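Following this message is one structure expressed as structure tokens.
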Amino acid sequence: MALKEVPARPAEASAREPHRGRLLEVENLTVEFRTPYGVVNAVNGISYTLDAGETLAILGESGSGKSVSAQAVMGLIESPPGFITQGAIRFRGVDLLTIEESERRSVRGQKIAMIFQDALTSLNPVFSVGYQIAEMFMVHRDMPKRDAKKKAVELMERVGIPSAAERVNDYPHQFSGGMRQRVMIAMALSLDPDILIADEPTTALDVTVQAQIMELLDALQSETGMGLILITHDLGVVADVADRVIVMYAGKIVETGSVYDVYANPAHPYAEGLMQSIPRLDQKGVELNPIKGSPPNLMRIPSGCPFHPRCPYRQDVCVTDEPPLYEVSADRRSACHFWQDVLAGKARRA
Amino acid sequence: MGRYLIRRLLELIPVFFGATFLIFAMVFALPGDPIRALAGEKPLSEAVQREFREEYNLDDPLMVQYGKYIGGLAQGDFGKTFNGEEVLTIMKEKFPVTARLAMIAFIFEAILGVFAGILAGLRRGSFMDNLVLVSTITVVSVPIFVLGFMAQLLIGVKWGLLPIAGLRHGWLSYAMPGMVLGSISLCYIARLLRTSLGENLRADYVKTAVAKGLSKMRVVGRHTLRNSLIPVVTFLAIDLGTLMAGAIVTEGIFNIPGIGREVFLAVRAQNGPLIVGIVTAGVLIYMFANLIVDLLYAVLDPRIRYE
Amino acid sequence: MSKRARRAREATAPTPLPNEDALREGVELAGVEAPQPESITVGPTLGGTDPGGAGAQVTATAGDAPLRQASLWGDAWRQLRRNPLFIIPALLLVLFTLMAFWPSLFANGDPRDCDLSNSILPPSREHLFGFDVQGCDYYTRVIYGTHVSLTIGLITVLFASTIAITLGSISGFYGGKIDAVIARIADIWFAIPITLGAIIILNFLGTRGLFQVSLALMILIWPTMMRLMRSSVLSVKEMDYVAAARALGASDFRILRTHILPNGIAPVIVYATITVGIVIAVEATLSFLGVGLQLPSISWGLMISGAQARILASPHLLFFPAVFLVVLVFTFILLGDALRDALDPRLH
């Protein structure tokens, strides 16, 4: 979708913000949905960490488990049908899965905030945007309505909504798509959260607006030093902003590494497929190679490596043995038995 | 917003004339001779008949009769019945009775309907949900006159809880007929709210509200219910209009002298002016209720307010 | 107003609904699960609002491709076959149909063979339902009463839905002036409450047989179905495959017949099914009030009406016809409910 050049070397990117400790540790997270048709294994034991000031992109097709894993962190999985069967989600060392709902609620929104794909449906149509932002202060800070409204205007200005004071009493449908997403961002940032999770924040927007929203998120992140998780199916959109990337497939992490490395030279065939299906300015004349086959059925995930039915590097071992996350380099992992071949670009194409 | 209301008002004009003319035509183009029906056994003299036909414009073509009627209506004159009484006077006498019955039915259906709807809608598939679903379908299947008899037999005669019929017990007399009258709308409100709550609970903005760290009370009570009640409130407004226009069957069974029973008796007595008068008033109430609903929409749903 | 906002408004638009008019209650029940019409209508209430949303609910998602037609109905059938809430009313309907058209299968007596000496005898072993005032065997009469109810219900709805589907398709497909005229005519009839309207029409018609009662009810119920059809057509019309068919040069008639009708008709069928039940209830009400069918017709409404004065002494006179009436109405409402669930792709 987005035509991007290869992002800048990560050295500059991570130097931008000094680390202030580990914010989030997700360990062996497993989420399943029990439906009348069978159990959907949406997330199958993923682990990752997020530090302050860091931007992590979680990349995958729909059904890869990227959104579900984020909702699990937020505690938005409806149960039933959703169940977190294994794992831990530690926020500043505290496992969110073991604490009381009331404690959990004090984390939600205040410490970890989230914005969603479609800001129009994600904002309540019958309340003014000002009220919806102010509600954060009224509920969590016991602030009187008038002061909370003032805060709302400040926040709206901060996220770049023009003439915020006049627009504070307008309703969501009166804003454009980009402005609505800014409202969502303002609401999410109102209580200075440590972590912001953005679930496909720009997918519903025009390409030009997409870039503006990404810039805004990037600027706000550098300003506050929060940890940012960007969930996306389009690496092109987040490549400039993200430091690290996690590639998910069938509810598992298949590759992780710095954005630069993964983008420039993937170590997993699926990541490679994703990269080859993005039009790139630096590879003019190269044919686009969409990934063959269709995403796996999460009720019947293939044996061995879940990607094997679609994989150009497949060998017999892939059907029987599930690959562990091999260490490719210090900060890089790939769940492919033949990651070396992938790095070398030796696909055994028919 | 203003333009929207004006357009709605304009759309109501043909409805008013169309509906009143239809009724007028059907009532006054009756095959039977109203005078003979009125006179009964005693034959009327030629002179009296002529005078009568004159007074009620019965010899004019239908359109002219209707024109004269509308002309009178414009000056607040609903005409006279064939018995010589002012239609307006009769309506003024009967309306308070119907209004009281309507109030009881309205309160009953609104409170219980919303309550049942919330119980069912919050927990889909639960025992309460199924109970509400089954009982509403069952009640709707029972024609209101059967429901009335059942109530009279059980609540009135067997358990002796409430007066069975008539108006001798003040407000208490309205209790049973009010409940019977409101029962079907109650079912509808319950199902409407259940559906609307179910859909709104799945809406993205509810997820946002949870993600904001709001309590369940606030997520449901403030964010979800506020949206879910929009169709219910507007339904209630329309229903109140309908109730005010009179309830033929209920007033008949419970022997309540309201507008509904009056119009029924008027049809049986072929009292044309009274029928037309009451139906016209009913159409006016219906139109008024519709306008109220349009306004309510605008008040409740900002997406409509800023058209 | 943006399309989305309009849709949102439509989604919550109610239908005017005279309280005692069981008929229009049915509308609400029909659509009650699905207030999501996609129609672009004039206003929330009077001006041609979608009365039930059953329509849109089905159509909104139903037609991404013409192929879906087959699978929509196929899926529905597969689901219905397994649903006891469909099988039970379907079996009841078969039973009632046999009763209506071959009553002698159930009762071997003659419903008009009465002996005054048996007047209002209570139920006994030989005469399960007892006798009525005229001394007629009540069981036989109740069985024979099925005919009138079922016939009026089916005929009325069949004709009303034919009119409604035709006018609704034209209205929704062509829009513009035709649409406005049809909408206003429907509005006019809509402003007249069903029970009262039926009483006045029957009074006007003079005679009150099966045909007249059906006619009166038909005149009063088509507008609701027409609105439903119209909004349903409006939403299907926007589908890409209709545009594709148009681009390929298909005629209006062909587009209507092969693309719009099969996809748009589901909500009308759901609503029509429920309406059969409600028409049956209204017919009984009219007969009960003495303004519908008249003796010597055999009708449950008339039986209940005759029982009114003896409600305490001979409750069986009320009980048996009332139970049959309620169960028949219930049958159609349940059928409609099951159909709606089956035709709603969101639930699949």
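General remarks:
Per-chain residue numbering starts at 1, and chain names A, B and C are given in the order in which the chains are listed.
Criterion: contacts are C-beta pairs under 8 Å (C-beta built on N, C-alpha and C of every residue); 3 or more make two chains touch, one makes a residue touch a chain.
On a predicted model such as this, the values are computed, not experimentally measured, just so you know.
Chain C has the C-alpha centroid lying closest to the overall centroid of all protein C-alpha atoms shown. Distance from chain A peaks, on a Cα-centroid basis, for B. Top contact pair of chains, counted by C-beta pairs, is B-C.
Chain A and chain C have Cα centroids separated by 51 Å. Averaged C-alpha coordinates give centres for chain B and chain C that are 21 Å from one another. Contacts with at least two other chains are made by residues 5, 8 of chain C.
Listed for chain A are residues 125, 173, each touching two or more other chains.
Shared interface positions of chain B, i.e. residues touching 2 or more other chains, are given as 230, 301, 303.
Partner chain A is touched in their complex by these residues of chain B: 203-205, 207-215, 218, 223, 226-227, 230, 300-303, 306. Partner chain B is touched in their complex by these residues of chain C: 1, 5, 8-9, 12-22, 25-26, 28-29, 32-36, 42-47, 184-185, 187-193, 195-196, 199-201, 203-204, 206, 277, 281-282, 284-285, 288-291, 304, 308, 311-312, 315, 318, 322, 325-327, 329-330, 333-334, 337.
Across the complex, chain A meets chain B through its residues 74-76, 105-110, 113-114, 116, 118, 121-128, 135-136, 139-140, 171, 173-174, 184, 187.
Chain B meets chain C in the complex at residues 4, 7-8, 11-12, 14-16, 18-19, 22-23, 26-27, 29-32, 105, 137-138, 140-146, 149-150, 152-153, 157, 181-182, 184-185, 187-188, 191-192, 195-196, 199, 230-231, 234-235, 238-239, 241-243, 245, 247-250, 252, 260, 263-264, 267-268, 270, 275, 279, 282-283, 286-287, 289-290, 293-294, 297, 301, 303-304, 307.
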